[in-house]
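Two complexes come next, and they have one chain in common, subunit A, joined by subunit B in the first and subunit C in the second.
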Partner chain A sequence: MVTESSSAAAASLGALSTPEIEARVQVDRSSKQVIVLYWGAALFWLTFASIAGIITSIKLHNPGFLGGIEWLTFGRMRAVHWDTAIYGFGGVAASGTLLWLQARLCQVRMPYTKLLIAGGLVFNVGILLGVIGIFMGQSTGVETLEFPLWAMPFLVVPYVFIVIANFTMYFQKKTTHTYVSQWYLMAVTVWFPVLVLSAEACTNLGAVDGVAQAIANWWYGHNVVGLFATPTGIAAAYYLIPKVIGKPIHSYHLSLLGFWANAIFYNWAGTHHLTGGPLPAWTITLGVVGSMMMFIPVITIGINHHMTMVGSFHLLKTSPTLRFAVMGSMMYTFASFQGSLESLRSHQEITHFTHYTIGHVHLGMYGFFAPLMFAMIYYAMPRLMNREWSSARLIRIHFWCTLIGTAIYGGAMCYAGIRQGMMMNDPSVPFLNIVQFTVPYLQLRTLGGVILLAGTVAFLINFVRIVTPHKFTWASPTMLDTDRDWKDILKAEKGAEAAQ
Partner chain B sequence: MEKRLHPKDAGGFCVFGVFIFIWSFALISGTVMVWLLAWAIRRGEFRDLRQGARMIFDEDEPVGIVTDHFPGEQPKW
Partner chain C sequence: MSKTFLLAFGILLTILSSVTGLVLIPNWQFQSLKPVVKADGRRYPEAYFGDQDKGRGVYIAQGCIYCHTQQVRMKGYGADIRRGWGTRRSVPRDYLEDRPHQLGTMRTGPDLASIGARQPSESWHALHLYNPQLTSPGSVMPRYNYFFDEVKRGQMPPAEAIRLPGNGHGDVTHILPNERGRQLIAYLKRLNQSFPLPEANQ
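Showing the complex of A and B:
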């Protein structure tokens, strides 16, 4: 409760405005247009990808659904779903997060904002063109690189601007130390261009053939998640969890060890997707070893994220950012353990080519990566827009939909996948029986997808309201840089307690 | 019927160029990363890690201040 005496204390502190605060507000404001564009576009693509995913999912238990329209056949819808999820939502949301976090941690104004806005627009046009290409049947057939080649320059060129802006901010930084999140963010901008250009060269540009092309394909397919989406998610968690609860991370030494271990080991893991394929055995063994070594960064990151939270779990009730960030970091630990174990040949005997893998991917992307992007948006948007989210209820709906939707989706797919794999290994079980067995779980998956979409819509409503101020205003903004009342009250109360 | 380009058809142009590109890219980015690590060590980035962990806090939002809560609700400590 706010008492009268503390209000008086707050009034005396109310005029407090240090250069530090001014600088932070300026840094945030300088990035406003860029970040709103990137995150708005990301939410559009997330909605788009969710709808595409649901249509794809329905087709698996009702094969005739929309079957008469060639643009919406399974082969095209699935590619559209994944590519818009990874590039449209993942790529754009991660780029927005990267730029905002880097500006904040370097304490510099965002450079080249016009270039970044133009780049963001071109990037989104590129995704749109790619999607149209796939719809028209021009998919390359290389998973995760399905966009036709002519759409790729639209994706690659704007990313150069992001790389330049990122390093410009870093080399202009006013801080003396490089925070662990910054290591991840800078690594992403180095890794991603190398990944995408090399993979395109080795697959769609045809530098290599056959098995080598499959290796390049899965080297990329795995790394685009692990060296592009994941580091951004981890960077967000390393900033948000300590920042929200007001406690430095548990072990900073471990966090740096985790970063370098991730950088060294993740790159090798991709070939575990090709277990049982016509590859030299050592390439797959290399993938399995790389996957098992990932336990080192995963454990160090897990220790840091979870141990930092110890003693602060009660804040989950009151902080939307923390809810999503903690959900994301917990799911990171879970999905990473699952993924490492999944790479083992003995495990793959059962789960390879089953729904289990699909369950794992969604636990990673929608259980870990997406919530951390949501957390970032929930934390940053009020500070960028200088106004509060319009509805706490919509935030709660979004959170519970994300949690329950992911649980239903992941649970149904992983369980069905294990059963499916065991039945497929038993020659006495007719294949049709296996297909029929999976139908209820595929329906559950559609349900999970619909729940996730409902959450996204709630988020979208809140997002539209916060960027269109004239229609929806919140009576008493709470946690903004300029409206500092409650913070001062809390500080005054804490000071009084300490004095006693 | 559109003729699909077989990778081999583009081979003469691609294979050599692509490998030069990939290897030089890998070598350059690898060298840059090693140089950056050396630069960071020289700069003293890893000298005082305990303080480094606290760089996200400042006078306005110091350690111990909770900086997020549901809109329109009382912040909890």
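Showing the complex of A and C:
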């Protein structure tokens, strides 16, 4: 049952010839320290952001909770939550995924590892400084770009290293063709720096004025999700689903169409965050058209992911990677349909300024993006560490908490948001009645958040165990339908000590 | 290799075209917008100065934006005007002085675009900010008691102190806005979009 660790990686590689396995092991070995640093940091920030999210959430139904303390006031906790969730968890997890996938798909060793490690450290220090800045009241006041300007170089410079490493690997690639995932990864490395620099220039550095700033703000706020988190998530799904079930992707042509439609239309969708606002109507119309056109890439990408799965659903019982990846890709389809419909003016008249938006954001980020990052980590870590996941039970807890927590959070907020919006549009309902109506749903959201955090803690324990050196591991990958647990490893270790 | 450049170039083009179309072109369209001169010779919108300007900074640093919008939607779209949040819809000219904008996207609390017209009372704002439960029982707005000096029972309240309703709040009978409190209230009183701009009726 439990063996010494060296055979684990070989066992999981299955039917490949020895030189091929050796080449992959080389690639993985070269990237190990970088990737473990990035993913470990991402999990730290996920835990941090979740705790901040729960505090924020409690404050909305119990304003007295940690009340009257300036640095913990709602407005600052909320900014800290979003910035650590998006940049800390999202940015760092996606960067790790990007680097690992690119190395794997190009079959080259990871270049500049020292630089990438230094960059990873600086980036995390930057987020920490930004968080301290917000707590001290130095937020820029631009939603989604709250970090004080002096923290930005810490975030921008390391990203340049990532871009360089990514292009270097791509130009050295040993494979002849480019896989779909790589298009998305290339796109992310081009888009993200352009996005951040233009958005900072247009808002905090004042290159544009008045409400054009608001457009720049939401052009960015929307795109940082759509041109950074989303493509990385899609790249992960495109890699993992065929990989785990051992079948090629459903259709190459569809993936090409999906990629370019996504690249072209997503870019224009941001102004739907300003529907009804003081802007020329045509800017909003463009946002609505962009959002509706998103049906094209979403449907093509959906067909590609889901049709590939047809006939292999039984594997969901056993494979942790596949379970998270399929949850993510299904929620991608769902949240994207929801988002496109949400952009319609008649829908926005009701839900625009309500908790519905918050429900949608979390269905997307915690239903689609986060599970795909988890799937990536579940897949890659045993290969990097040469060791299997210590406990199947913790993985099951993580999965069910993620699914149930997201469902409670999204369901409560979307329902409450629709009712809240309808009441708000009826001037005979006093405002405080609306506030009171939402309170039970806000409490339900806190419950959802706590369940999500419980799942994260389970994951964190498993993650810490897989990176800490220990002598024994399982001979085969840890599957979900087993009862494997940490205590079996401990027992084996004790036994070995006793024998010595 | 050339395929790679094509890919990278195409990707770059998608984002440059959207920032041009959505941000730079509207910005260029707004260049001609100027404040209007009112009958009394003052401009609308006026530049922020003094306490109002500092109060704006306080508003930003506290993150009021996460619960309050500052934009009134047009008649017939939502009930913003019927709720009394404004007399007309907001238009780009209203925001000429707003750097950074504080339009907001959440209405956990009411819209504040014209709060200065709707609620001109300084003592109401003081009580509400000190503890929203005093004026609006059941509110979920946080208390901003750190913007106030408290006068305890038995102490002599200064003339301009504001009496808490009922029997006071625990030990405290009166409050007095401190510097940041005064600045924030000055900013809230200044928020007012009632001046009728011609383009708002189109």
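To be clear about the criterion, the second predicted complex is superposed on the first by the 453 of 500 C-alpha atoms of A that agree within 3 Å, B and C clash if a C-alpha of one lies under 4 Å from a C-alpha of the other, contacts with A are read in each partner's own complex, and residues count from 1 in each chain.
The rule we apply is simple: a residue touches a chain if its C-beta (ideal position, glycine included) is under 8 Å from a C-beta of that chain, and two chains touch if they have at least 3 such contacts.
In this text the structure is predicted, and so the values were computed from the model without any measurement.
Considered on the superposed subunit A, subunit B and subunit C are sterically incompatible, since they clash. Once the two complexes are laid over each other on the shared chain, residue contacts for A:217 go to subunit C alone; subunit B is not touched.
When both complexes are overlaid on chain A, the residue A:140 reaches subunit C alone and has no touch with subunit B.
In the superposition on chain A, A:389 contacts subunit B only, with no contact to subunit C.
Taking subunit A as the reference, the larger set of touched residues comes from C, when subunit B and subunit C are compared. In the superposed pair of complexes, A:113 makes contact with neither subunit B nor subunit C. Using the contact criterion defined above for the overlaid structures, shared-chain residue A:278 touches subunit C, although it does not reach subunit B. Shared-chain residue A:194: touches subunit B and subunit C both.
In the superposition on chain A, A:202 makes contact with both subunit B and subunit C.
In the three-chain superposition model, subunit A touches both subunit B and subunit C at residues 178, 190, 194, 198, 202, 206, 208-209, 213.
Across the interface of their complex, subunit A is touched by residues 5-11, 14-15, 18-19, 21-22, 25-26, 29, 32-33, 40, 44-46, 48-77 of subunit B.
Within the complex, the subunit A residues that touch subunit C are 59-61, 63-64, 67-68, 70, 73-76, 78-79, 137-143, 170-171, 178, 183, 186-187, 190-191, 194-195, 198, 202-204, 206, 208-217, 219, 223, 227, 260, 263-264, 267-268, 270-271, 273-274, 276-280, 283, 286-287, 345, 349, 352-354, 357-358, 424-427, 431-432, 435-436, 439, 442. Contact residues of subunit C toward subunit A in the complex are 1, 3-4, 7-8, 10-12, 14-19, 21-24, 26-27, 29-30, 33, 60-67, 69, 71, 73-74, 77-79, 82-84, 89-92, 94-96, 98-110, 132, 136-146. Subunit A meets subunit B in the complex at residues 1-2, 18, 20-21, 24, 105, 175-179, 190, 194, 197-198, 201-202, 205-209, 213, 239, 242-249, 252-253, 256, 314-315, 317-322, 378-379, 382, 388-392, 395-396, 474-476, 478-479, 486-487, 490-491, 494.
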